[in-house]
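Labels run A, B, C, D and E following the written order; every chain starts at residue 1.
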Amino acid sequence: MSFLRVEDLHIDLGEFSLKGVSLEFERGEYLTVMGPTGSGKTILLECIIGFYKPSKGRVFLEGRDITDDPPEKRRIGIVYQDYALLPHKNVFQNIEYGLKKVDRDKVSRKAKIMEMAEALNILHVLHRKPTTLSGGEQQRVALARALVVEPRLLLMDEPLSALDPQTRHTTRALLRRIMRKRDITVLHITHDMDDVWALADKVAIMRNGRLEQHDTMHDVFNRPSNRFVADFVGASVFEGTVQPGANGQCQVDVGGLVLNSIESARSGDNVRVFLRPENVMVFRDRPQKTSIQNLVDATLEDYYQEGILYHLSFRSQGVRIPAVITASAFQELDIHRDDTMCLGVKAANVTLA
Amino acid sequence: MVPTFEDIMTNIWSDEMQLSLRLSLLTGLVSTVLVMLFALPIGYALSRLDFWGKGVVKTIIDLPVAFPELVLGLCLLLLFGKTPIGKALSSIGLDFVFTKKGIVAAQFFTALPYSVRIMKSTFDYINPRMEFVSRSLGYTQFETFLRVSIPLAGSGILASTVIAFARCIGTFGTVLILAGGSYMRTETLPITLYLNISYGNMGMALTSGILLIGVSFIAIFIFEKTEAKL
Amino acid sequence: DDLRIFAGAGLMKPMEELRQNFEKSHDVHIDVHYGSSGEIFGMLGVGQTCDVFIPGAEKYTRDAIKNGWVYEPSMKPIVKHVPVMVVPGGNPANIQTLDDLARPGVKVALGDPKAAAIGKVSKKMLSKAGMWEQVTPNVVVYAPTCNQLLIYTALEQADAAINWLDVTTWAEGKGKVQVVRIDDKRNMIKTIPTAVHVSAKENPLALELNDYIASAEGLVVWEKWGFEACTK
Amino acid sequence: MVPTFEDIMTNIWSDEMQLSLRLSLLTGLVSTVLVMLFALPIGYALSRLDFWGKGVVKTIIDLPVAFPELVLGLCLLLLFGKTPIGKALSSIGLDFVFTKKGIVAAQFFTALPYSVRIMKSTFDYINPRMEFVSRSLGYTQFETFLRVSIPLAGSGILASTVIAFARCIGTFGTVLILAGGSYMRTETLPITLYLNISYGNMGMALTSGILLIGVSFIAIFIFEKTEAKL
Amino acid sequence: MSFLRVEDLHIDLGEFSLKGVSLEFERGEYLTVMGPTGSGKTILLECIIGFYKPSKGRVFLEGRDITDDPPEKRRIGIVYQDYALLPHKNVFQNIEYGLKKVDRDKVSRKAKIMEMAEALNILHVLHRKPTTLSGGEQQRVALARALVVEPRLLLMDEPLSALDPQTRHTTRALLRRIMRKRDITVLHITHDMDDVWALADKVAIMRNGRLEQHDTMHDVFNRPSNRFVADFVGASVFEGTVQPGANGQCQVDVGGLVLNSIESARSGDNVRVFLRPENVMVFRDRPQKTSIQNLVDATLEDYYQEGILYHLSFRSQGVRIPAVITASAFQELDIHRDDTMCLGVKAANVTLA
């Protein structure tokens, strides 16, 4: 029995509708939800918590149908995108507000709040009213308020978006620690890939009111179910044909380019082949002794810099292969447009579907 | 015509004035509390709930504001008089005609529509998401109303209370008709004023006017000052 | 157990004393509601009841009897009600006789002929004197009660008003208004009656109160407040 | 005693009732507009500005609510009577005693305190940052008031307007004293009601009461319905 | 004469104060402001726009002292952290609101709005009230409203924080295009390094109400003025001594490790030496023929993965050297803890101060 099960959820808001979202995950799992802005992530979350009543579909929590429960019976923690702090209470009281319902002991409440505030570095604003806080401070208060009650299920809507990289980093570590220790199940909406890498067990991708894919992190990133998801997670997709022969492993012909994969597939099948640019190694010369099973000569068509990374776009036999390398590697390889270089991809990094 | 300061002081300490002052304050405060106790949930319901015929209900609630006090008094007299409602209330000790309870009833019904309307509009300005967060943290709708909606409505509650109190302490016609406005029994400050004008006792009339203004000023000033704390 | 009186607004001063006397001697509580004659008459009209009814002029009691609200045998005349001209202190428009009310530019305040006893009297009086048509252009306000009329005079919003003599006593004392007598030929003096409501005709206490108000003992009180007994 | 339907219809079409109805509606609407024109800026200033003695100013503005209508009427009569203010106003054609303008003045001063208090509380709920954004886009403070503050205050303006209109159309004592309450001259519906009770003309009194309720109901219902558009 | 000059700005909000912030930049420049949450970035912006009156200090715009001007005379565009859209106007009217003041022609206004809405991908919500928009949609409307009037100076407070990576990317490109074309000067508060890399000419770093550094992007990243800034921008700082001799270039001794730098310094001076981890190349074996002037053997002490990147921490002769490489490089190099490897840093990437 899954912990949270969302079954065929529909909701119609006139201009926008959720169209049959089904989702389930287990106790203790950490699900991140991604998707373009306006794809319905927040609405989905507000359906689960009970702010919107679905026109069709059910929500089950620990096997119980909670679709018609009032929110106070659901006991689902939430961190709102716009924080929704109570303006008439100070920060301490805001955090204490929900805790009062689960912990009758004032001293123990205070200890918990202080611990949480310390971890989130908001001790200095505990006595202040939320309206005087900076964006990042408000966000951490909202987080503290939700975390301190240790809800069985915690929904978070872009909970780290207003934090600086440093704080975001430490807060992620905090989240990881609490989730493990308290066995909290989490649904976390984010636009930040780093949140996904650092926290997620599973990933759901939404588009236009529909769930495009809902899978383990590895599968979503390496085996996107369609081109939209592939683009969204930054994977490359090719159409290929499985070739006859080969030893246990499998060979796929992608427009003349033959790639080895450790996955198994029936010879002659048409398959989709996925590559992630960060798994493509770039060599100036073809390496001599190496375990890399796919080595391809390719020409650099284009590149651009983004922060400390260079995004390269190679072409080999009519197939476009992307790669990502660091600034230092870029310098070291002394790369120029139209250079012909050697690309390497491990057979384990060529996924099929 | 203009009474001296000594006159006024004697008038203030007269039995009639003392009784009237005490009765005004007492009934005014009791009525204001009752008005707010009713206005808060009714205003909240009007703001949050959507139901068929809401426009009509709102209009009916607003309507008594448009009644001249004497008319409202007459309506109440008819309602609490020899009707089944009046008799039922009477049988449980709630006798409103020509009694002190009647003063409270008169003030209550005079001020209620104002307070309800103000509270409705105030709750319109409060983001329901705040209430929702509270409920998701385990508070029932009623607890949330008490702990979130009401505190957030602070400024509106203040406006509503000030107007309710002022309206209660100043209402004349309704009290006169329903409670009878009899000398030394159901005599609030506006009635004292009226009675003494009628008695031709201008000194007392003026004193009660001054007292009414003074008392209202102090009470409203105290109310308005609490704003700083909101 | 309690008694209720509906009385004309102008009768407050003697009525209060009479009430206290009667309450003491009979250990009973009395509510008095004061209003303009039209108003207390109207309250009977909407079904309100009282024990004793004392309007500002006999006409109202007669009408009430006609409507079956008041018990006719109980009706007793008490005192006279005397109309006078009331002018602001100093008499700025120099009003001396009724004819001055018709002088162009004089601002006249009258009682509403249909609402107030005094209005009714004023209209009759002026019509009989053949002056109604001349005075009406000067009228700035028809006030529904005699009290309101007095306020306008005291605040100099009118140069003259026709009002009851007794109503003016306080303001006269304070120098706010002056009284100008109307010549007896043209004046119309009214009587104030007391009567018992039909619902109280079986109530001995109500009848006793009614008697007391019109008794010799009661008349002493009335006279003390400037009213003149009818019998004289 | 109870008038028949035909009686009421005849009464409604009587000259007195027609005049009273028209005068009530006209003065009620004019007064309401004037009240709101004053209440919006005053309420805004009380909400946004901080100055010494603000508590006292707010209290003084609230105070007239506590005045019985007759007292308020008397105050206005004194103010507009033989005083320099009254004379100055009179000399520019603003004669308020015993006139139709006086009805408007009486209604205006009766309803203003309510509206101001409600508008102040309403503006308290509006985030000044919204106004600031508007100014940073090049709108002056006054333009911003018109284009941002007022539209955002919609619900409060509605509450304020409804109460102002109802109070204006239903006010009795103030109009009676200041405008005189003369038959067919300064006669609004509440005055018609009162006069006809005094005339012993219960049919007309009842009719004016019914008309007052009907007119108020329709007007308030229309106001309340506009909410959907806010 | 600089375009915007902030001179010794002080403001006291009780718990928090700006303590003498001075800042200036030129017409057409793009300044990004970074700093931990609660460091006063928003307050600084609100001082410039006129929401807060400074207790001391002046603000000059194009030479004119605007410190006491009402906001409507400043004509500074702003994108608020919480959007501050007008709830009673629909999206079109919100965008049009400011435009009405600068363009009296309805048709031309509409054209501009449609163009902007198209570029920001909010055409489908133009007729909606802001309260029904998703977070990212609201943010783009706020951006459109500010951009469409083409203000001479535009202040933006985390204007891309609620957008998905894809949209953020295209929006950055849009910003770059508009700024160049319209000659708009920008102050942009952000927590996202990618914003800085992609957009900034200059960078300011705030901490605790003070401006810690305000310089060109290159200098802030490569020559941070103190350890706080260095940590914040992810650079490593070492104390070193300039060694005698050398040919035009300069050699610095950092705790026994000698690094070559192309910068000049006086022999014997104590200097601070900066390295950026993405400029450190990692080799399994010391490369044979190479132009890299600094080659150091070092032991891998620790590493962790963040997204597609691996952060490595090496030690050489008591000096801790960080490096960042991509997942593919990590695999290719077959790295394990305690491996001894060779690190390379170009002399151009060793900066001194």
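Just so we're on the same page, a residue touches a chain if its C-beta (ideal position, glycine included) is under 8 Å from a C-beta of that chain, and two chains touch if they have at least 3 such contacts.
Heads up on the chains, UniProt names are A, E = ABC transporter ATPase; B, D = Molybdate ABC transporter permease.
Note that this is a predicted model, so its numbers are computed, not measured.
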Chain E and chain B - chains in contact with each: A, D
Interface with more contacting C-beta pairs, comparing C-D to D-E: C-D
Geometric centre distance via CA averages, chain D-chain A, whole Å: 60
Rounded Å distance, chain C centre to chain E centre (Cα mean): 90
Mean-CA-position distance for chain E and chain A (Å): 25
For chain A paired with chain B, centre-to-centre distance based on mean C-alpha positions, whole Å: 58
Interface hub residues of chain A, defined as touching at least two other chains: 82
Chain C, residues touching no fewer than two other chains: 46
Residues of chain D engaged with two or more neighbouring chains: 194
Pairwise chain contacts under the document criterion: A-B, A-E, B-C, B-D, C-D, D-E
Residues on chain D engaged by chain C in the complex (per definition of touch): 1, 74, 77-78, 81-82, 97-98, 176-177, 180-183, 185, 194-195, 197-202, 205
Contacting residues of chain B [partner chain A, same complex]: 127, 129-130, 132-141, 147-148, 151-152, 154
Contacting residues of chain A [partner chain B, same complex]: 49-51, 70-72, 74-78, 80, 82, 84, 86-89, 97-98, 101-102, 145, 149
Chain A residues touching chain E - in the complex, by the definition given at the top: 13, 15, 34-38, 41-42, 81-82, 124-125, 128, 132-137, 139-140, 157-158, 161-168, 191-194, 197-198, 231-232, 276, 278-281, 292, 305-309, 323-329, 331-332, 344, 346
For the chain C and chain D complex, residues of the former touching the latter: 36, 38-39, 41-43, 45-47, 63, 112, 114-116, 140-144, 148, 151-152, 155-157
